[in-house]
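By letter and in written order, the chains are A, B, C and D; residue numbering begins at 1 in each of them.
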Amino acid sequence: MIEFGYNIAKDRQIDFDKNDKRISTYVRENEPSFKTCISCGTCTATCSAANFTDFNFRKLQLMVRRGETLEVKEEIKKCMLCGKCYLACPRGVNTRNVIIQINQAIEKIENHDI
Amino acid sequence: MKLEGKKAIWKDYQKEIADDKYFYVRSCIRQNFFPGSETAFIRILREELGKDIFEHPCHTTCTGIGYHGDIVPLDTMMTVVARQFALMTEAGYENLVPSCITSFGIYTEVLDTWHHFPEVEAKVRDYLIKATGREFKIPVNIAHASDITYKFRKEIAAKAKYKLVNKETGQPLKVVEHIGCHYSKMFPDKGVGGAEYPYVLVGMIEEWGGEVVDYPERRHCCGFGFRQYLVQANRGYSIACSHKKFESMEPYKPDMIITNCPGCPMFLDKWQYAIAEMEGKTYGENGHGIPVFTYEEVAGMVLGYNPWDLGLQTHQVSCETVLDKIGIPYNPDEKYNGINGIKLGVPEMPVNLKCC
Amino acid sequence: MNKKVVVIGGGIAGMESSAHLAALGYEVTLLEKTDKLGGHLLNWEKLFPTMRMGKEVVTFLNEGVEKGKVNVIYNAEILNTKEIMNGFSITLNNNIVLESDAILVTTGYDLFDASKKEEYGFGIYDNVITSAELEEKFMKGEKITTSDGKIPKRIGFVHCVGSRDEKVGNTYCSKVCCVTAVKQSIEIKEHLPETDVYCFYMDLRMYGMHFEALYRESQEKWGVNFVRGRLSEACENMDGSILVKVEDTLAGKPMKMSVDLLVLMVGFEPSLGTKKVGKILNLQFGVNRFFKTQDQHTLTNVSNVKGIFFAGSCTGPKTITNTITDARAAASTIANYLSGHDIHNRIMTSDIKATV
Amino acid sequence: MIFDPFVLPFTIGLLILFFIVFYKFGGWIRKFSSEDKSNLKKALFSKNLFVACKEIFYESLLHRKIFRVNPKLGYMHMSLAFGWFLLIVVGNIETRIHSGREINGPFYPIFFKFFEHNRSTIPFSNFFVFLMDLLLLFVMTGVVLAIFKRFYSKFFGMKSTTKLKIGDKFALYSLWFIFPLRYLAESLSSAVYNTGGFFTGTTGDILGSFLPAADIYYYFWWAYSLALGVFFVSLPFSRYMHIPTEVVLIFIRNAGVVASKQYNTLSEIEVNACPRCGICIDKCQLNTSLDNKKIQPAYFLRDVRFNQVKEEIATDCMLCGRCEEYCPVGIKLNNIRVAKRKDFAVDYIDNYKYLPPDEVAKADVIYFAGCMTHLTPSIKHSMTKILDTAKVSYWFMDEDGSVCCGRPLMMNGKDKMAAELIENNKRKILASGAKIFVTSCPICLKVFGEEYNLGIRVMHHSQYLLQLVKENKLKLNLTDNNIVYHDPCELGRGAGIYEEPRELIKRFNNLVSNEFEKENALCCGGSLGNTKMSHDQRNIIAKDVVLQLTSDNPDILATACPLCKKSFTYKSSVKVMDIAEIVANSISQTEPEKIISRKEALMNA
């Protein structure tokens, strides 16, 4: 292998067909309100964690739906589960359970349960 | 795939192409990387088709690389372009034929700008007079060299010794065509067949016996992208684009790639070597790459020109696989001979990409 | 003697306005270019947001036409018109000459020709169809399959095809496509519960009462997915499925996704009839090429020619509900005009008010 | 030796029961921590034992707590438990007196009337015969009520009765048969030997008049013994395990063993002590408002006991504490629920490194609004207005956005994550040097009080505002508003704060009482403890609660929790206000000095 001083840049494109959508499937089954998110961003706007960091629950949910889950595991830990997002959500998405179910899906994938 | 659908679109995008008396302008980078191509073009036009094609020794760059690389200002670019027009006018020609796709794009863009903003044209004429004392006439016809080749594709086919057909199986070769972005993506009307399903190369491939492969990333850029390549730190993006295209075309098992732009054959060819060295991945059969040709080279091949006269030895991905399939004879010993048969020495062979 | 009104166009606007004009005591002649009343609605199975059958609405409208004893002339084409004393003389293709005191134009819309949006591959790729074609399948009770008869695993709906798109010359919103996509998504899920549905939208315009509820139902009950991003291009994969490229603008990333069937939500364009009739009657067209009404708020049924009025989607895209309401409004406007109220003076006063 | 083969089912059953029960108890005792074990030992030789015995008598035999909630149900349980107990005690005394022996076969007193026919030899025989018949009648009334309850639970004012598992069915049906069979066996024996009193004797005479009593009575003694045997063997596998376990639980509790946050031996004993009486089911709003009869403690503890808890059962609970308030066994239900959630929770460490460096202000009082209060800003504005007016030196700790207190994480079994937030907040609180910590959120209140170990006073704003009023730091105007006060779960049942808010309201307004108040207060439905309920379900609960609370058309529906306020606001036609808002609105405008708001003061400085 030759060192060229650069590498093939990673594609930013979401490759939906290849992406792992297990977390999404798991959350959709266990918290159906996950399906009704319209990405309005109210959750992120009110988020306690987003006050201090770039944690973006709206985007996180979307990334899970698209199967872009590489960073989700670390990102999701930033949530304090305080519930402001749930109170603010206009679509009644059970955001706290979405977080909990994402956690569980990640753990189950690591344990090869799903 | 419904071919009639494409044909309907192709019908909508036909352009006027002059049939003789060409003022030919070479491409900055092609004459370096694929010198055989432009030579072949002139030879085909003069010897095979009997056309009047003129080159001016004072012709310079159109500044397209600098313009798209954000280092040449618009006014400078237009003044340089005006000077090229002036050279043509002085030589008594009206039909401009650039060899470079970016030049073609630049000229088209400049003419379109002047059409909408005549005051800009007036200003540029003023600049040109002040700078060089020259004056110019607007070209009557601007056609890219591939347009000319497309126009005479049937004449070439009539004289051809070979077809783009596998002589063993009798099957047409599977050909990927790649159009330079500046050919029709900016001005779809100015390209044969438009921007979405350009026909200029497809027409040649079909006429010369090959079969076109339509793969998902067909429209994607080759990866040159000027700024992407020119800055070394950004080359990862450039190679990623080519990589994306190869990954997309690979399942179709193409025999060859035809291009009509200076950058595309360069990047589609050289990056195959780099990808092979970075990832160990090759896209052709048995560890070979997919040979990448210019349309002039392919025209020369079917007309039976000596492959080494066409400059095929300067390709990174070796062309012998295609020559063998078609049955074009070549002497391997002469591959690296210079003019007058002087041996130039054999280049070092890459590790992962098989070159003969 | 009863005053006479000629209504041009036997779609839903023409039918309902004829019925109301007849009920008001006018002698109404309804001209229809085909041999059936109902227009586009004849090709639509179920209606949003109620999912009721379109033919129920046609039946309702037919009853009105029959009860009003409207004189319907089928296969009618207008050759020319003349202004006569306080009215018009209209010559038809079969040498019938009609006289009328007022004309109501209800020439409607045509669906956008999706093949103009070349990059989406309609007419080129086998598995790209339009919303009208999908509705036709529903209507005929055909199985929803890919071109080679397989059950699609994933279906994509592309919103705004031919709407809100300067490139195709239609900058307006067609109003019905968003909710139609939602409606058709639900029907797909009813037919094929295992199929994933993805809607690619720019904005979701769920402005009508109950539209939002239908949208929510599509997500909650049927699991339809929505991706905000305009499709840049559709390509064909080797297996004939369609690779769509879109930016998921909410994720801020480009995305590619294969769908087995791609449905293009085609928008409204002024119909050929609208263009023809407009020319014959010297009617003004607005910036979007639909008929120009004399005031956007107040004189929504009034044309630039005294005695000629508009109803329905010949003045712009409308839902069925809006069209029927508009038809009744037009009937009432005509009654107002025929009983001697000078609607043009109202135009004057409103103009003055507007300028003051 | 007095013996007959029919005593074998009873005797073997009893032995099996003793073996299993003592094996279980032994296992539990062994698993206790050494500290708990020494507490237990000490308790055996202290007055705690007597306290425990008294409680066992009141609760296990008389079922005093059930009596309080539901007298009919209480009588049923008492007649069965206490009646049976007396039957055993009096029967034993009777047999001892009769036989003159201290030790008899265990079956002897049980089947006494089978073995002894000669009444005249027994001292006080008439008295015992009468007493034993009376006790049997007492127990029989309980049995009849129990059977009646199974088919017509509404008679007991219960809307639902627990569903049975297979062990329960064996135990229940055998229990139903024990006393009727004893009654028949004794009556038929009496028909032959005239051994019965007013109850069995009379019945025996009637039965004897048309039945061949002498031929059949023996089989009834067999049946009676079998019913007892089946009951004893199935008892440890049924909810009737609660009978021995509750006795042990009461003793253990009195010995000072306290619940921990983890699921431990005490939890296991509590789980076994649940009689599945079903009182919790009727108190649960998920049942009464949402018709969810799957998750209540009776079912949850059953699933825990048989190791088959599903996540949704553990998490679909508002932790409102109404069940715990009314549990006759006094099981710490919320504690077990939260402990069990840990089995499903994914708990991480090192999550909150992004929290900003501490910016601490020195002050006497810390005001912590809490996350929820930031979504009901008029509560925090009222508080700052009040604190400014009262010229309190305070630091609004989460003015620029909250760091969560950690309670929601703990409620979901994520203790490690909560500990990190607690550590962060605690450091700031202690650095401020404040002596009083005031929060507007009852959910926060509990965790600051119980988990933070701050060593300073932690108060809810309702308590602190009352204190300010009492100290004359706030002058409030009287109003004639009729105010109904809703006790937030976490403030009332959670922290025992019932009176302060009421006193605060009463001083300046008319407080209207309501059926659902104090311990009986309903949950607003907003609960952070429940992660499963949908938004629609929460709305249904909120609507039901608002309906109950506003039945007397009050002017204001007051509460003291931002989440309750939020839940009610969308569903109530009556104005919903937090107690802080009511106080802030009543602040006397005739205050002589101009109040300089904090912001102005800051700008001037």
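Everything below uses one rule, namely that a contact is a pair of C-beta atoms (placed from the backbone, for glycine too) under 8 Å apart; a residue touches a chain by one contact, two chains touch by 3 or more.
What you see is a predicted model, and the numbers here were worked out from it, not measured in a lab.
K.L.:
Using C-alpha centres only, name the chain that sits farthest from subunit A.
P.N.:
B
K.L.:
Can you tell me which chain is nearest the middle of the complex, judged by mean CA position?
P.N.:
A
K.L.:
What pair of chains is linked by the largest number of C-beta pairs in contact?
P.N.:
Result: the chain pair A-D has the most contacts.
K.L.:
Where the centres are mean C-alpha positions, what is the separation of subunit B from subunit C, in Å?
P.N.:
That gives a centre separation of 46 Å.
K.L.:
In whole angstrom, what separates the CA-based centres of subunit A and subunit B?
P.N.:
Here the centre of subunit B sits 45 Å away from the centre of subunit A.
K.L.:
Counting in whole Å, what is the centre-to-centre distance of subunit B and subunit D, each centre being its mean C-alpha position?
P.N.:
It comes to 83 Å between the two C-alpha centres.
K.L.:
Starting from the mean Cα coordinates of subunit A and subunit C, work out the distance between those two points in Å.
P.N.:
Taking the average C-alpha coordinate of subunit A and of subunit C, the gap between them is 40 Å.
K.L.:
At least two partner chains per residue is the criterion; list those residues in subunit C.
P.N.:
Where subunit C meets two or more other chains at a single residue, that happens at 256.
K.L.:
Hunt down the residues of subunit D that sit against at least two other chains at once, touch-wise.
P.N.:
none
K.L.:
Can you list the subunit B residues in contact with two or more other chains?
P.N.:
Residues: none.
K.L.:
Name the touching chain pairs, please: which are they?
P.N.:
Touching chain pairs, listed by label, are A-B, A-C, A-D, B-C.
K.L.:
Give the list of subunit C residues in touch with subunit A in this complex.
P.N.:
Counting only subunit C, the residues touching subunit A are 216, 219-220, 223, 225-226, 228, 248, 250-258.
K.L.:
List the residues on subunit B that touch subunit A in their complex, please.
P.N.:
Touching subunit A: residues 232-237, 239-240, 243-244, 274-275, 277-280 of subunit B.
K.L.:
Which residues of subunit A touch subunit D in the complex?
P.N.:
Spelled out, the residues of subunit A in touch with subunit D are 33, 46, 48-49, 51-53, 55, 77-78, 80-84, 87-89, 92-94, 96-97, 100, 103-104, 106-107.
K.L.:
Can you name the residues of subunit A that touch subunit B in the complex?
P.N.:
1-2, 4-11
K.L.:
Write out the stretch or stretches of subunit B touching subunit C in their complex.
P.N.:
My answer: residues 1-2, 4-6, 8-9, 194, 196-197, 214-219, 251-252.
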